[in-house]
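One structure, as structure tokens, below. Some questions next.
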Amino acid sequence: MIEIGIQPLWQSTGLANLEWGQVLMMAVGCLLVYLAVVKKFEPLLLVPIGFGAILSNIPLAGISGPDGILGYIYTVGIETGVFPLLIFMGVGALTDFGALIAMPWTLLLGAAAQFGIFVTLLGALALNFVPGFEFTLADASAIAIIGGADGPTAIFLASRLSPDLLGAIAVAAYSYMALVPIIQPPIMRLLTTDTERNVEMQQLRHVTKLEKILFPFAVLLLCAIFLPSAAPLIGMLTFGNLLRECGVVERLSHASQNEIINVVTIFLGLAVGSKLSADKFLTVETLGILALGAFAFCIGTATGVIMGKIMYRVTGGKVNPLIGAAGVSAVPMAARVVNKVGLETNHHNFLLMHAMGPNVAGVIGSAVAAGILLALVGV
Amino acid sequence: MPTSDLLMSGVNLMVLGMGIVFTFLLILVFAMKGMSKLALYLTARHGGSDEVSSQPSISGQDQAGTRGDLVAVITAAISNYRATHYKIN
Amino acid sequence: MIEIGIQPLWQSTGLANLEWGQVLMMAVGCLLVYLAVVKKFEPLLLVPIGFGAILSNIPLAGISGPDGILGYIYTVGIETGVFPLLIFMGVGALTDFGALIAMPWTLLLGAAAQFGIFVTLLGALALNFVPGFEFTLADASAIAIIGGADGPTAIFLASRLSPDLLGAIAVAAYSYMALVPIIQPPIMRLLTTDTERNVEMQQLRHVTKLEKILFPFAVLLLCAIFLPSAAPLIGMLTFGNLLRECGVVERLSHASQNEIINVVTIFLGLAVGSKLSADKFLTVETLGILALGAFAFCIGTATGVIMGKIMYRVTGGKVNPLIGAAGVSAVPMAARVVNKVGLETNHHNFLLMHAMGPNVAGVIGSAVAAGILLALVGV
Amino acid sequence: MPTSDLLMSGVNLMVLGMGIVFTFLLILVFAMKGMSKLALYLTARHGGSDEVSSQPSISGQDQAGTRGDLVAVITAAISNYRATHYKIN
Amino acid sequence: MIEIGIQPLWQSTGLANLEWGQVLMMAVGCLLVYLAVVKKFEPLLLVPIGFGAILSNIPLAGISGPDGILGYIYTVGIETGVFPLLIFMGVGALTDFGALIAMPWTLLLGAAAQFGIFVTLLGALALNFVPGFEFTLADASAIAIIGGADGPTAIFLASRLSPDLLGAIAVAAYSYMALVPIIQPPIMRLLTTDTERNVEMQQLRHVTKLEKILFPFAVLLLCAIFLPSAAPLIGMLTFGNLLRECGVVERLSHASQNEIINVVTIFLGLAVGSKLSADKFLTVETLGILALGAFAFCIGTATGVIMGKIMYRVTGGKVNPLIGAAGVSAVPMAARVVNKVGLETNHHNFLLMHAMGPNVAGVIGSAVAAGILLALVGV
Amino acid sequence: MPTSDLLMSGVNLMVLGMGIVFTFLLILVFAMKGMSKLALYLTARHGGSDEVSSQPSISGQDQAGTRGDLVAVITAAISNYRATHYKIN
């Protein structure tokens, strides 16, 4: 016979079980949603991540527990690595690599911008000198990948190397990607001269359909031969791209670009948010991760631009060094930033198409870097 | 592992990592150049009029954004609705 | 060497293994499809449920067994509670809470209509006096939620409290929701006077976008503080609603309202149907559940209307008591019924928009009631 | 448990349950009133022209049903097809 | 402290671990993609299968291993049989059985064409006389179903009876389905006279909506009574068809025909491709399977046409025997081939609609045959 | 099992299998004829104007291919976009 007094009733409320950490994490979740909705910070990811953070910090409800819906989603989609890989397939199906095929040399810009990753790795390890930080090599690698400016790659690597830091890493990655228009321009202006920014690049050559079809095979082949640890990421990216370009499977291409990526984005975001628990997030390490993330973006932008300047020299002034900044990926935001900064100097200089080359090269570059870290640091 | 050793590992990782990234993408540059040559040769040999424009675009965006006119919409609607090309077994 | 005689061949036919119960359950399945297709009884659910019942009663095939497709779907989607929660997310993304925000007092109508749930709980327990009935408190709670007039809530609660009765409960819930236009009007007419039914309500005030965005947070916050056991349901409902209202994630909102809810509806229906096995359904308890379900709807409608009458008094005649009937949920059918009954008395009195307030309040109300039952009766 | 005890439990559940439902939704009424005030204040302060109409609608239905004209359809098709706003990483 | 020399670095490349078999299998994968893209061989399946084969043969990457994405997809979707059944649901939702309902006798053409299956079974067993072949009865049955010319049925049966041969069987099934326009015409011309091919069939009668709604129930009922082992396949097929025809669940019908079938096709293809490993595929048995598959298609076509000739006699020349060739299924390709061969002889004789009857009868026929094989050979 | 025994089993399977396939589909022929008669009787009795044409088609294909005009597209877009008929609980 159920006879319920005030005491047990009170015990079943959230109020009686609320911990300060949970309140703070719900506030963090609300902040993420605020940034997403009002400031337009990567809303497709940050709305689900923020709301997931709120849901998973509700006391007693256990929504991110082993029997909660977010717990199930995390186990099925993130622990297995399936969700970020499916997003990568969708990214492949949404990406036109034409600009890169027209200018293969811009791959080197995408390579240079990955320097941000490895410097950040060093930075994360150096933070261990500060009391309170104890990053392992795996932690540092997972943090460093924020510099890749590529959400699914960061989530994939973090889920493999450092699941405890996954929440903070994903939040940092998407936040900084949203901040690209604020972070990059000063660095770009600082490192380039007016003459350099003024360079008008020649129009892109025509890219044939066959080249676009062969491109995914070329990339995958090299990856298979030299860096098989990057094969899951590169493989799904090139598969999506082949669906897009081969021209005979429009149904599947459409499904990858829409149904699959949309549904997986909702679940991925919620599952990442479920990792934003107080004991994992409200630590000094998160502050370190946030600082390192900003650092990584700055370094990546700078090395991209510097490589741009080298190409400017080597080509005798045919390459506008600004496009190097797009090498961090953050597709297509970074390319737009390049375009905008270019227009400031020369009102008729549209660099968008030329920046798309290094921009998509950056996606490949950070997948390659992730593969290297997995191979050298992973168990 | 003491932090200094970790840092040494980190430096090794950095050198090695950037080395591999650059090497890999450099090889890819040449692979792509070779691939393009092959593709252009094959396209030329097979008559080779080719419908793909050189203007890269983030999928769909430009179509609905820039050329956001009726034709684009109807094309989109058609291609969207075509439950057609599914050979059913 | 296979040598097959007539005997073993005959033994592998369905005819040789058919039990009467299976025949009856297939007939029940056909009846459900008939009601769905010809009588338009909630076809989106009853077609898959009915067909699922047919499939799962085919002898030898084991389609709802542990290695059958319906068995897998049930384990993955219902046992975990994931499917009803995803449907709730879709419902949130499909629902405009504007009318409720404009008239927050109508929440009380949504509260009053939940009385049907608790009276039915009592009724189910009272049935134990009749020989043949042995409902536990958990069974009675799961049955009572039929009075919430909300399919996914009923399935979610039944899957937690009384999986054996899930089939009958889901069938009763959706059947009575389809019967709302028949069940409600006589009760509404009986309890109200002509003058009351004649009340024209003032036009709804303008609701701003910001209110619609803050609304899900307000609801979720209260739920987190006072009733965390309702948080999975309320959480997914408000998440879906935020996707809809925040205006920056149209892709995700569209996916929730279409791909996700459609696909999950098919699987949910089939999985519910797989619980319609003879030994679970062809019992006197099912008759009790069907009777109690009708009873629950009547009581809920009546208490909703009575609360409407109270609000009519308190506001000095500004509230048309009919809109209280919409408090049972059954969105948007109950609101339409209110509109229709209102028009019978006054041909210029369109109550649809005013009835949407209590109507969506009913969804929240029954989720709250489900949370209470889970907290007090659940293990 | 004998049925009479079960019934007692049921009565307790009913009283308690309806009490909580009413209390909860009553608090929600006030929370919503507060929320609306805050929202209207904020909207007014920030210039506050606001595009959302007060006419609640079950999603989509009205658009295609009531205003079921070409414009609506094309709007629908555009918004449907815009694979656009997916920032791709 | 990580200190990496040339040796371990080299050991982590694909090149150092590449086996010849993997190279060959990647080439097979490329060949399948080539056939799909350039020769338009069933691209919806062969592009994912081919790419899946490439991915799963990348050394060290383990993409089709127990922790790889293709491994997960295989376990979840193929081992359970869920994916082919969902495809079958989609096929049901995409198929109009009107032509078959108008001409029920054409079911016999769909029956006759299944002779290819059983002759191939015998052929597979006979191959055991050749050294190097060791097909069990289960293997032979799984191979024989290629003659059913129905991809999902073949994958479903192979996953149950002979998972090791699944890759080769699926590849053979889809390849030969794509070759239908090349394989069938000579056989059709050889077995029919000019007079027979010239027969113009009378216009199909009107089929009512009610007939189309009752049709799935009629088929499922007989299946449940006589052949429950075929019930999963026939059940999902008729369920999809009911969603299509009942007219009240357009959302669900649309989801089955689009979202579900597209997404599942991608995953099914990748998962089948993951079974194309060197040790399973590069065997003499695969050659046997490919030869037997071609044989099966030829026999099926021939017996279909012969049954057509019998019906031509019996009806006194009202049936054009060519439509018997469509009985192998391969919807709608085989029906189009019939139409084309018919037009060669008589430029005004459009047989497409008449061929759709036996064509969809062939789908039912091979599902029935699969049920028989499961019942008699399955464990 | 020696190959000859396997072959014997295969022959048995063939005879039996084709027998069942034929028997099953033959019964289905009669079932369908009965079903059609019943359906036509019921349709006739209930007034029975019926909107389904006798032209079978592979879903969608013909609509967008043969009649691939504006009307078809708009119809498709409407029916596609109607998120409408989902009764929400």
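Order of writing sets the labels: A, B, C, D, E and F. Residues in every chain begin at 1.
Note that a residue touches a chain if its C-beta (ideal position, glycine included) is under 8 Å from a C-beta of that chain, and two chains touch if they have at least 3 such contacts.
Everything numeric here is computed off the predicted structure, so don't read it as measured data.
Taking each chain's centre as the mean of its C-alpha atoms, give the chain farthest from subunit E.
Taking each chain's C-alpha mean as its centre, the farthest from subunit E is D.
Taking each chain's centre as the mean of its CA atoms, which one is farthest from the centre of subunit A?
Farthest by centroid: F.
Once you find the CA centre of subunit E and the CA centre of subunit F, what distance in Å lies between them?
Chain centroid spacing, subunit E to subunit F, equals 17 Å.
Would you mind pulling out the distance in Å between where the CA atoms of subunit B average out and where those of subunit D do?
For subunit B versus subunit D, the centre distance works out to 41 Å.
Distance-wise, how many Å sit between the C-alpha centres of subunit C and subunit F, to the nearest whole number?
Each chain's C-alpha centroid was found; their separation is 33 Å.
Where in subunit E do residues touch at least two different other chains?
Within subunit E, residues 2, 4, 44, 94-95, 137, 226-227, 251, 254, 257-259, 331-332, 376-377 contact more than one other chain.
Which subunit D residues reach two or more other chains?
Residues 1, 6, 9, 13, 16, 58-60, 74, 77, 80, 82-83, 85-86, 88 of subunit D each touch two or more of the other chains.
Contact residues on subunit F for subunit E in the complex?
Counting only subunit F, the residues touching subunit E are 1, 3, 6-7, 9-11, 13-14, 16-18, 20-22, 24-29, 31-33, 35-36, 38-40, 42-43, 48, 50-60, 79-80, 82, 85-86.
Over in the complex, which subunit E residues touch subunit A? Could you list them?
2, 4, 12-15, 17-18, 26, 30, 33, 36-37, 40, 43-44, 47-48, 51, 54-55, 58-61, 63, 67-69, 72, 258-259, 262-263, 265-266, 270
Residues of subunit A touching subunit B in their complex?
Against subunit B, subunit A makes touches at 93-102, 104-105, 107-108, 110-112, 114-115, 117-119, 121-122, 125-126, 128-129, 136-137, 140-141, 204-212, 214-215, 218-219, 221-222, 226-227, 244, 250-251, 254, 257, 331-332, 353, 356, 361, 364-365, 368-369, 372-373, 376-377.
Under the definition above, what is the set of subunit C residues touching subunit A in their complex?
Answer in residue numbers: 80-82, 85, 137, 213, 217, 220, 223-229, 231-232, 235-236, 239, 242-243, 246-249, 251-252, 254-256, 259-260, 375-377.
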